[in-house]
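Note that chain A is present in both complexes that follow, paired respectively with chain B and with chain C.
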Partner chain A sequence: MEATLNSIVAAAAPLIIAALGETITEKSGIINLSLEGSLRLSAMTAFVIAFWVGHALVGFAAAALVGAAIAAIIAYSSISLKLNQIAVGFVLTLLAVDLASFLGDSFVGERGPRVPALPIPFLSDIPFVGKVLFDHNLVVYASFVAIGATWWFFYHTRPGLIIQGIGERPEAAFARGINVNKLRFWYTVLGGAMVGIAGASYSLDVKLGWRETLTLNLGWIALALVIFGGWHPLRVALGAYLFGALQVLAFQLQDVFPGVSQILPVAPFPLMILALVVVHSAWFKRLGTRYPKLRNILGSEAPAALGTVFERE
Partner chain B sequence: MNLSRTAMATVVAFIAALGVGILLLLAVGAPPFETLGLLVEGSLGSASKISITLLAWSPLVLAAAGLVVTFAAGLWNIGVEGQIIMGAIAATWVARTIEGPGWVVIPLTIVAGVVGGVVWALLVGVLKTRGHVHEIFGGLGLDFVAAGLATYLVIGPWSRTGVASTSGTDIFPEEAWMPTIDALGVEWPVIPVLLGITSVVLVWLLLKGTLFGLRLKAVGNNAYSSYLMGIPTDRYILGAFAIGGGLAGIAGTVQVTAFHHKLVPAVSGGYGFLAILVVLLAGFSAVAIAPIALFFVAISVGSTQIDLRLGLDSAFGGVLQGIIVLFVLFAGGWAAKHPNSSLTPQEEP
Partner chain C sequence: MALEIRDIYKHFGPVRANDGISFTVQEGSLHGILGENGAGKSTLMKILSGFYGADSGAVILNGEVLELGSPADAIDAGIGMLHQDPLVFLPLTVLDNFALGSPGPIPLDRSEILEELNRVSSGLGFEFDPSRLAGSLTIGERQQLAITRLMWLGAKVLIFDEPTTGISATQRLQLFATLRKLAENGLIVLFVSHKLEEVEDLCDSVTIIRQGRVVFEAEMPVPPETLVEKMFGKVFVEQGHDAVPLGDALLRLSGTVLTEGTTHIKDLNMDVAAGEVIGLAGLEGSGQRALLRACSGLLEPKAGVLSIDGKDMSKASYRDHLAAGVHYLPAGRLEEGLVHGISITEHFVLTSEDKSFFIDWKAAEKEAESEIGDYSIKGDPGSHAEGLSGGNQQRLLLAMIPDAVKLLLLEHPTRGLDVESAAYVWTRLLDRRLEGTSIVFASADLDELLRYSDRIVVFFGGEVFAVRNASDIDGEELGYLIGGKQRV
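== the complex of A and B ==
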């Protein structure tokens, strides 16, 4: 039981970092649809750079740069060229996926450095909780920090209020003297860098090494988690843990029912559709009205200006 | 807006995309001009290669024609991959079940393909109109479900007699193969090509010359205003999904009855997502998708040669296609932003 929960927490960590990065981006009003490609290309880059340099941390930095660069292309083409964010994001998805296959081809099967395990002294000795939460590596601790920090940032700081302003009512924010497009650009870049770090976590920690199927479909899952999470960091994280539990469970069931191993990778997707139907249902929306204190976390509405271009009059 | 300046920017974008492609080839230590030459030679270098390229053009242009309709309605039909796969599965069922002469079986495989694609597309449509699930996620989820179903059928109920492998089902009886015409010592895929051409013409007529097409574009431009104007938007959205899914389903039929002659797990060949790129590059125009699909499919078919001959990953074809579309989109945005740039003589202010 302890071991299972420990692996769920570890499996969910990169997804949490990626999905929270996308949450920040979307809260500011921009959709970075390229996650499937960003994760793949940053995972490949992280592995290749860490392999050359011999140090995992350099790989993480390179991956963050890749994720940030892709995000910057989307932000620039939306803000300055007024292009459709979905179109550019979709093209970048396919481009980054193929680029990762093409450039990473000769590195498949190589062994590279990995993130060292780092149990936290004393805390990891607490019975049960210590094993589940504090016997991990830096990536997992970073996912904890990311959950707390984004939540605090959105709901308890002034810049957090402003990011919600530019995502919900950019005209109003602009009238208050806020440079909407500049902030959107940098929050998109920040979100993209987090996606890059998540990509590096796959090739340098969770699944070690580079191969084309390393992060298969996880970018799409992260995008769906943001919607499932109603753009609220805690609910996004909850979704990631549920998905992590599903992954770990599927892995353990593989030994019991060997025949289903081909089908299990597909299982999350009908569940994802079902979950999206539920959070958009009238019943779920009524919950928010019934418990006004929980409205923030129960809401399922996208930022009102998501995906739109802001132009000053 | 000045059309020639947009065209000029597009040409610059193409050259820049080619330049980046050459840089990437140099980066991995590949001979750039030999590689690009192989792309052309591998897809258009001989009669048999041209026939392979035309056979691949058909499903790509069918899927793209369907996407022109869904894009006209303002929909991102990312579920197109799944619709191709479901069309292929339905056509496979007919080919395996119904015995009879070719002129009975082949039309039935096409009808089955349409049904498979329409059902899968309508599912996305109903999830959107009734369940408020965005079509990108509904479609994507159903893509993976369809791919899982194809894999399950290939290794499970429809596995080859004796062996369960992912290499595909038994080869169909020849009555279910789309007939070809022999000329120049090569078998030409006449029916798939005719299906492709027909789909382009029909979609062009639908959007240019019918009330349905006009209203569909109104829904795509502004669904809320259209609703206020009395257009039943949900029905138009479902209609667009049905047409898009039906054409994608025929693409699936072509893949199994004209190309593989069996069901394989990756039966869509990625043509659904590639078709989205084609339509974006074509600027959502039905007429432009035909030549652009030919250009793209030539890159895809040719890139298998660089794998065989130079040991490069065939993903290079996809990289080149992606860069071209990205740069042309940039060029369009740039041209719209700089209406009076120095590329052409200044007009009256």
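== the complex of A and C ==
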């Protein structure tokens, strides 16, 4: 049990970082649809750079740059060129996926550096909880910090209110003297960098080495998690843990039910759709009206201006 | 302290929106800016609030020339603008709306901001529940929230752009009292409007803008004829309301029960005769909209009778209502009435009776041209609906009403229109009575209700509170009734 929970926490960590990055981007009103591609290209880059330099940390930095660069293209083309964010994001996905396969081809099967395990002294000795939460590497601890920090940022800081404002009603934010497009650009880049870090976590941590299918479909899952999470960091993280649990469960049950082993690995995907149906149901929405204190975390509405261009008339 | 606007020029392509505007407003003054739609007043206000840069000219506050490159600059200089649709963030709470964008340290101390909100709002006589969502506030309450916020940020000049659009009569009275108080406290208040009576009621002085220029400046009071003449450049005669002989009962409601959202109407009883004009008065959400939607077949009554022309229509669909000669013009012209991105010609094709598969574009364009001429729409057959001004959108909607209509249901038929367009709309509507068409319309404009209705039905809290002949009551009494009070 401890070991299972421990692997769920570990499996969810990169997904949390990617999905929270996308949450930040979308809260500001921009959709970075390129997650599937960003994740894969940054995973490949992280592995190759770390392999050359011999340091995992350098790999993370390179991956963050890749993620940020793709995000910057999306931000620039949607803010300055006013192109359709969905179209640009989709094309970049295809491009990045193929680029990762092409450039990373000769590195498949190589052994590179990886992030060392780092049990936190004393905390990891706490029975049960210590093993589940504090016997991990830095990526997992970073995911914990990201959850708390994003939540605090959105709901307890002035810039956090502003990011909600520019994603909700940019013209109103502009009328209040806020530079909407500049902020949107930088929040998109920040979100992209986080996606890059998540990509690096896969090739430098979760599994050893680079292969093409390493992050297969996880970018799409991260996008779905943002919707499942109703753009609320805590619920997004909860979704990531649920998905991680499904993944780990499917993996462990493969031995128990060998006959259904073909189906189990894809089980998380339809279950994800089911979860989305639940959070968008009228019943779930009523919960929000019944408990006003939990309104933020129970909400399922997208930022009203998501995916739209803001022009100063 | 005085606000001086000196020689402001601003053009958009070939259109000279502001063609050398200069005037000065003194401290403590409630100053009206009048002008018909498209006169250039909105452009000027957007320059003042930093949305646009002027081509040339200067804005001088308290002897200091202001650099207004963005709304942030205007806010810093103490110029605050209240937009027609108050710019609040609907899913955020009142408190967060108040705090958003305010200067201060990164961590948000909500208890401190709550104190500020209470301090400033009680000074203005407003009361807020800080944890309510802004989306659940009425337009009037959103305005109050925006005013509170601007005052907190130290506004010295407050610009109100058509602030009475979409608010109830009581909220209007409250707003006017607030504006007077703000001016008494030494602020400069600019009140932008195309409604004469509001400027007459409220303002100390007035500037009239026509075609981008200042054509008139005066201290109030000024005779309304003068204001109208300066606004439109010609004297405008208001059309009276002459009665037409009424026919048999066309619409009959008896014991009708309606439920829509939070509006509940219990036991509605009402007859509308052929050729009669019924005005529906009441605060927003008192039941007028539900009644119109029920009569048009968009809302099914929970119980009771709803018959049109002697036929029970309570279970009939919207299509059946159309076939029975019912036509509904909703308030959201672009949202519910017209289609974004298609031309005037295409609108007429969409609504035409012609069921053939291919479109005869030549004929369609010809028809559009004749309708454009007929209804004096400012636009050509290729103009897109969203490119037309509010008045012209309404004219287009009128033009699209089929010829043989028995019952016309209108929601705020002249909201946001200037006096001339509004009068035009009503002339065309009243013409239809001669063919026996009944008109039922909802409005928040007391003058409109009194001028054009035969009978006025006042809703209050989901009930018909009073029914009066329009000729028997005046604006004051109607205002009382709308507020749920019988005049003593």
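The rule we apply is simple: the second predicted complex is superposed on the first by the 313 of 313 C-alpha atoms of A that agree within 3 Å, B and C clash if a C-alpha of one lies under 4 Å from a C-alpha of the other, contacts with A are read in each partner's own complex, and residues count from 1 in each chain.
Keep in mind that, in the parts below, a residue touches a chain if its C-beta (ideal position, glycine included) is under 8 Å from a C-beta of that chain, and two chains touch if they have at least 3 such contacts.
Since this is a predicted model, take the numbers as computed values, not measurements.
*Asks:* Looking at chain A, which partner touches more of its residues: chain C or chain B?
*Replies:* In the superposed model, B touches more residues of chain A.
*Asks:* Which partner does A:Leu253 contact after superposing on A: first (chain B), second (chain C), both, neither?
*Replies:* neither
*Asks:* Per the contact definition in the header, classify A:Arg312: touching chain B only (first), chain C only (second), both, or neither.
*Replies:* Touch status of A:Arg312: second partner only.
*Asks:* After superposition on the shared chain, which partner residues are touched by A:Glu171: those of chain B (first), chain C (second), both, or neither?
*Replies:* It touches chain C, and chain B stays clear.
*Asks:* With both complexes overlaid on chain A, does A:Val145 touch chain B (first), chain C (second), both or neither?
*Replies:* neither
*Asks:* For A:Ala304, is the partner it touches chain B (first), chain C (second), both, or none of the two (neither)?
*Replies:* second
*Asks:* One more residue to check, A:Gly160. First (chain B), second (chain C), both or neither?
*Replies:* So A:Gly160 only meets chain C here.
*Asks:* Report for A:Val129: first if it touches chain B alone, second if chain C alone, otherwise both or neither.
*Replies:* After superposition on chain A, A:Val129 lies in contact with neither partner.
*Asks:* Give one of first, second, both or neither to describe whether A:Ala3 is in contact with chain B, with chain C, with both, or with none.
*Replies:* Neither partner.
*Asks:* Show which residues of chain A lie in contact with chain C when the two form their complex.
*Replies:* 156-162, 164-165, 168-169, 171-179, 292, 295, 299, 301, 304, 312-313
*Asks:* Mind listing the chain B positions that touch chain A in their complex?
*Replies:* 24, 27-28, 76, 78, 127, 131-134, 136-138, 140-142, 144-145, 147-148, 151-152, 155, 273-274, 276-277, 280, 312-313, 315-319, 321-323, 325-326, 329-330, 332-334, 336-337
*Asks:* Which residues, counting only chain A, touch chain B once they are in their complex?
*Replies:* Residues of chain A touching chain B: 33, 77, 80-83, 86-88, 90-92, 94-95, 97-99, 101-103, 105-106, 217, 220, 223-224, 227, 262-263, 265-266, 269-270, 272-273, 276-277, 280-281.
*Asks:* With touch defined as at the start, can you tell me which chain C residues reach chain A in the complex?
*Replies:* 46, 49, 51-52, 70-76, 81, 83, 87-92, 96, 99-102, 104-108, 131, 133
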